[in-house]
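These are the structures in question, set out in turn.
Look for chain A in each of the two complexes below; its partner is chain B in the first and chain C in the second.
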Partner chain A sequence: MLRLTSIDASYGRVQALRRISLHVGAGEIVSLIGANGAGKSTTLEVISGLIRPDSGRIVLGEQDVTSWRPGRLVRAGIAHVPEGRQVFGSLSVEDNLLLGAYSRTRSSREEIAADLQAQYKRFPRLHERRRQLAGSLSGGEQQMLALARGLMSRPKLLMLDEPSLGLAPIIAHQVLAEVKRLRDEGLTVLLVEQNARAALRIADRGYVVETGRIVLEGTAQDLLDNPEVQRAYLGRAYGEIWE
Partner chain B sequence: MSVELAPQSQPNMSDEAALLARRRYMQKLQILALFSFMALLPLVVRNTYYIHVIIFIGLNLILATGLNLLMGYAGQVSLGHAAFFGIGAYTSGILTATYDWNAWLALLAALALTSFVAWLVGRPTLRLKGHHLSMATLGVGIIVAVVLRQWEGMTGGPAGMKTPGISILGFDLNTDLRYYYFVWAWVCLLTVLFANLVESRPGRALRALHDSELAAQILGIDTASFKVRAFVISAAYASIAGSLYAHSSMRFISPTPFAFETSVALLVMVVLGGQGTLWGPVVGAVSITFIQEFLRPWAQYDIVVYGLILMVLMIVMPGGLSRALGRLWEIVSGRVRARRARGRGGAER
Partner chain C sequence: MTAVQVWQFFLSGLTTGGTYALIALGFSLVYNATGVINFAQGEFVMLGGMITAAAMAAWGLPLWLAALVAVAITTIVGLVLDRAAIRPARHSSPVVLVIITVGASIFIRGLASIIWGPDERPLPAFSGDTPIVILGATITPQSLWVLGATLVTALIMWAVFEYTIVGKAMRACAINPPAAQLCGIELSRMVSWSFALAAAIGAIAGIVLAPVTMAQYNVGAMLGLKGFCAAILGGLGNGLGSILGGLVLGVLEALGAGLISSQYKDAIAFIVLIAMLLIRPSGILGREGSDD
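Let's look at the complex of A and B:
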């Protein structure tokens, strides 16, 4: 469904990605794990068109989408739920959701209204708070909102950047359970997590990113069993929380 | 997520639509109330001086509303908004006085020129991250102030220039009272336009990019172009205020009102009233115009007073007066308590 071939990307003179190649098959959950500053967020930003790669190719389905603008990529079926949630704090929950459908210029009002109701059904908490300012929601609720806002664009591929960041373990667990449910409903997911164990538990495959390069790839189980991965990313401290 | 949370009530679309319609209706009603009040005011206020002051409040309100769109919605700051006010006024003044243009045509030409200048300044600076627009507009302010003073052949220099009046379909707006109604009709029109704009889809996109530019971009909002458009509209508002100023019953313009002090005064109006609110510019324009009038004998200290107001505001009520008053009203009417109770009930785990 999505294939990156030898992507280089940089911020000014700082090169952030070096020959990143990866692919995500339809219906898969693929997880990207790695330490702080490894280049995980940058990879997602390149895919969603926020950053133009210096070289390399991005293919979505059959189409070469390299250097497409974000709006066009949203219409092509890519949704990106950014790191730190980034909800629109001074707007109501409902306005946040409606903005999720911003690029759907071809959908009618009725279709969008129906999708809004579908999100409310999925996240009843958001319905209760639909008129509240998004900035006044709790961290967990904001993550739900960011996720629902992403879904309002009717994506085929959902990219999540550290959805469990800063959440209590039980809430984080529920978020990831929801991600799994979305996959079971047919969505394809590219999941960035620092919480490697939790991510690999729900993922089909994974990539390990280190200083802008992919250093390891494999099925989620292989990575979980890999002694290198265990040492670097599955430390006991994390493990205990998620046991 | 949905595991632990049972739905409390079923979503109901007609209920949503009704609420939104009600909010818009209330807003229209408030605007209508304000302008009815302004229409009746001259029945009570007969003193020419006060009529004059209220005309100025109207012009400041147009300026502040435009700047509010830029600051409160697009999250950008113009430090030279008086320059756009000045370009509007002098373009209208010069075209009508020197070249005998029709005042309405001159107003449109001024509008086009000001918008073009704003676009020239905004397009390159708003594509970059950061506060380049503030610096660039500061520069525009300085340049325009110098040109108005130095280009004596065209502008009359520091001594200023005489300007003709304006008429509608042969009806001369040559008295203070007529001009009062003319200016406030413009204020009404531009306020309604503004209210519709910020409630529209582009308005929502603007507020979104103010909160998180990254998220707005991810959703496909062309944030740079939205910022440029907001800036051009805010400059256009200033230009209209300038043209109206040029044809006022004073029949005279000079460079003084278009200098840096006015840019600061406008900034203070927006911040004092409350950025990003419909009523902020009203509160700001009324208070600052009165302060200006009050300080007229000590005009050189204006800027000190603005500085003080800004400082105190940032410390005690960064949301501005209109929000503070709104909150006070909520407390008085007991709404806050009710809302808190509801909020707490909903948050229980």
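Let's look at the complex of A and C:
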């Protein structure tokens, strides 16, 4: 479904990604794990078009989408739920969701209204708070809103950047359970998480990113069993929360 | 000074204030979309009045049609300004972009003086000159036109931003541009919209004001500065604040001119601007450290 070949990207003179190659198959959850500043968010930003790669190729389905603008990539089926949620705080919950469907110029009003109801059914909290300003929601609710906003574009590929960041463990668990459910409904997911154990628990495959490079890849189980990964990313402290 | 006199100054202040409010709204629109203070905003006001006057004189168009033509042409000028001057430099720092708008305003003013010459152009009042007496003070029908235009424009803008998806998309761009892009909103298109709206609103202000002050190629600079003061006063980027800022500034000016001396009328706006920047830089309605 998605394939990155040898992507380089930089912020000014700082090179953030070096020859990143990865692929995500249809119906998979693929997880990207790595420490702070490893380049996970940058990888997602390159895929969603927020950052242009210096070199390399991005192919979605059969199409070369390298250097497409974000709007075109959304219409092509890529939804990127950014790190830190980034909801539109001074707009209502419902307006945030409707803006999620902004790219769907070919959908009728009724179709979008039906999808809105579907999101409310998935996240009843959002329905309760639909008239409230998004900025007044709790962290967990904002994450649900960001996720639902992404889904409103009817994506084929959903990219999530640290959806559990800053959430209480039980809420984080619910969010990741929802991600798994979405995959079971047929969505393809690229999941970035600092909480490697939680991510690998629901993922099919994973990549480990270190200082802008992919240093390890494999099935989620292989990575969970890998002593290097255990030492660097699966400290007991995390583990206990997630047992 | 009697109460009636104060009331009189207040009423005439509201009239000029209405114009300032519309100009301030134009500043806020472009500022929200681009982070840039568009110092060519005053020239849109000048164009509104000048084109209307010229279209009536040269082509014999009726007022309403000449006004429509003026709004349309000014809107196109706004779009061209965006495409030709702002967009090619969009990766530059805001300071560079602001200087580009200053250059554009000088260019538009120069062009206007070449096309229409240096003379003042009168525009007839829309519905006569018979003053209306309200509680002892008089107000011209044209003043009511100015206030009406302000009110209607403000209401339309409010409806656009509150109820249309394009309006909400423009707000989303102002709040969080990357997140807006991830929703599929094209930032450059929203910037075009904001320039078009700002130009149209500026033209409307210029058209209703022209019968009061006359149209001339060089009225844009001062009006633009007054509108800018009003925008800062109300909180740059805040729509309701812009309207309030405009009305408050107009009233302060009129009262100041009446109570102190009309020589200081223009100075008052700048005193207000400096005071505001010192005391409360975020404006009357701006929140401190706000993100939108």
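By our rule, the second predicted complex is superposed on the first by the 243 of 243 C-alpha atoms of A that agree within 3 Å, B and C clash if a C-alpha of one lies under 4 Å from a C-alpha of the other, contacts with A are read in each partner's own complex, and residues count from 1 in each chain.
Keep in mind that, in the parts below, a contact is a pair of C-beta atoms (placed from the backbone, for glycine too) under 8 Å apart; a residue touches a chain by one contact, two chains touch by 3 or more.
Not measured: the values here are computed from a predicted model.
Chemist: Once both complexes are superposed via chain A, do chain B and chain C end up clashing or fitting?
Modeler: Once chain A is superposed (C-alpha atoms), there is a clash between chain B and chain C.
Chemist: Who touches more of chain A, chain B or chain C?
Modeler: Chain A has more residues touched by B than by the other partner.
Chemist: For A:Arg3 in the superposed arrangement: first (chain B), second (chain C), both or neither?
Modeler: So A:Arg3 meets neither chain B nor chain C here.
Chemist: After lining up the shared chain so the two structures overlap, which partner does A:Arg75 touch, if you call chain B first and chain C second: first, second, both or neither?
Modeler: Touch status of A:Arg75: both partners.
Chemist: Now for A:Arg201: first (chain B), second (chain C), both, or neither, which partner does it touch?
Modeler: neither
Chemist: Which holds for A:Tyr120: it touches chain B only (first), chain C only (second), both, or neither?
Modeler: The answer is first: A:Tyr120 touches chain B but not chain C.
Chemist: Is A:Arg57 touching the first partner chain B, the second partner chain C, both, or neither of them?
Modeler: Neither partner.
Chemist: Looking at A:Glu178 after the superposition, I want to know if it touches chain B, chain C, both of them or none. Which is it: first, second, both, neither?
Modeler: first
Chemist: Report for A:Ser153: first if it touches chain B alone, second if chain C alone, otherwise both or neither.
Modeler: both
Chemist: Jot down the residues of chain A that show up as touching in both complexes, chain B in one and chain C in the other.
Modeler: 48, 50, 69-71, 74-75, 80, 82, 86-91, 95, 98-100, 102-103, 149, 153
Chemist: If you look only at chain A, which of its residues touch chain C in the complex?
Modeler: Touching chain C: residues 48-50, 69-71, 74-75, 79-80, 82, 86-91, 95, 98-100, 102-103, 149-150, 153 of chain A.
Chemist: Please name which positions on chain B make contact with chain A in the complex.
Modeler: Where chain B meets chain A, its residues are 1-9, 11, 13, 16, 19, 201, 204-205, 207-208, 210-212, 214-222, 276, 343, 346-347.
Chemist: Where on chain A does chain B make contact in their complex?
Modeler: Residue list for chain A touching chain B: 48, 50, 69-75, 80, 82, 86-91, 94-95, 98-100, 102-103, 113, 116-117, 120-125, 127-132, 135, 138, 144, 146, 149, 153, 174-175, 177-178.
Chemist: Mind listing the chain C positions that touch chain A in their complex?
Modeler: Interface residues on chain C, with respect to chain A: 165, 168-169, 171-172, 175-176, 178-186, 291-292.
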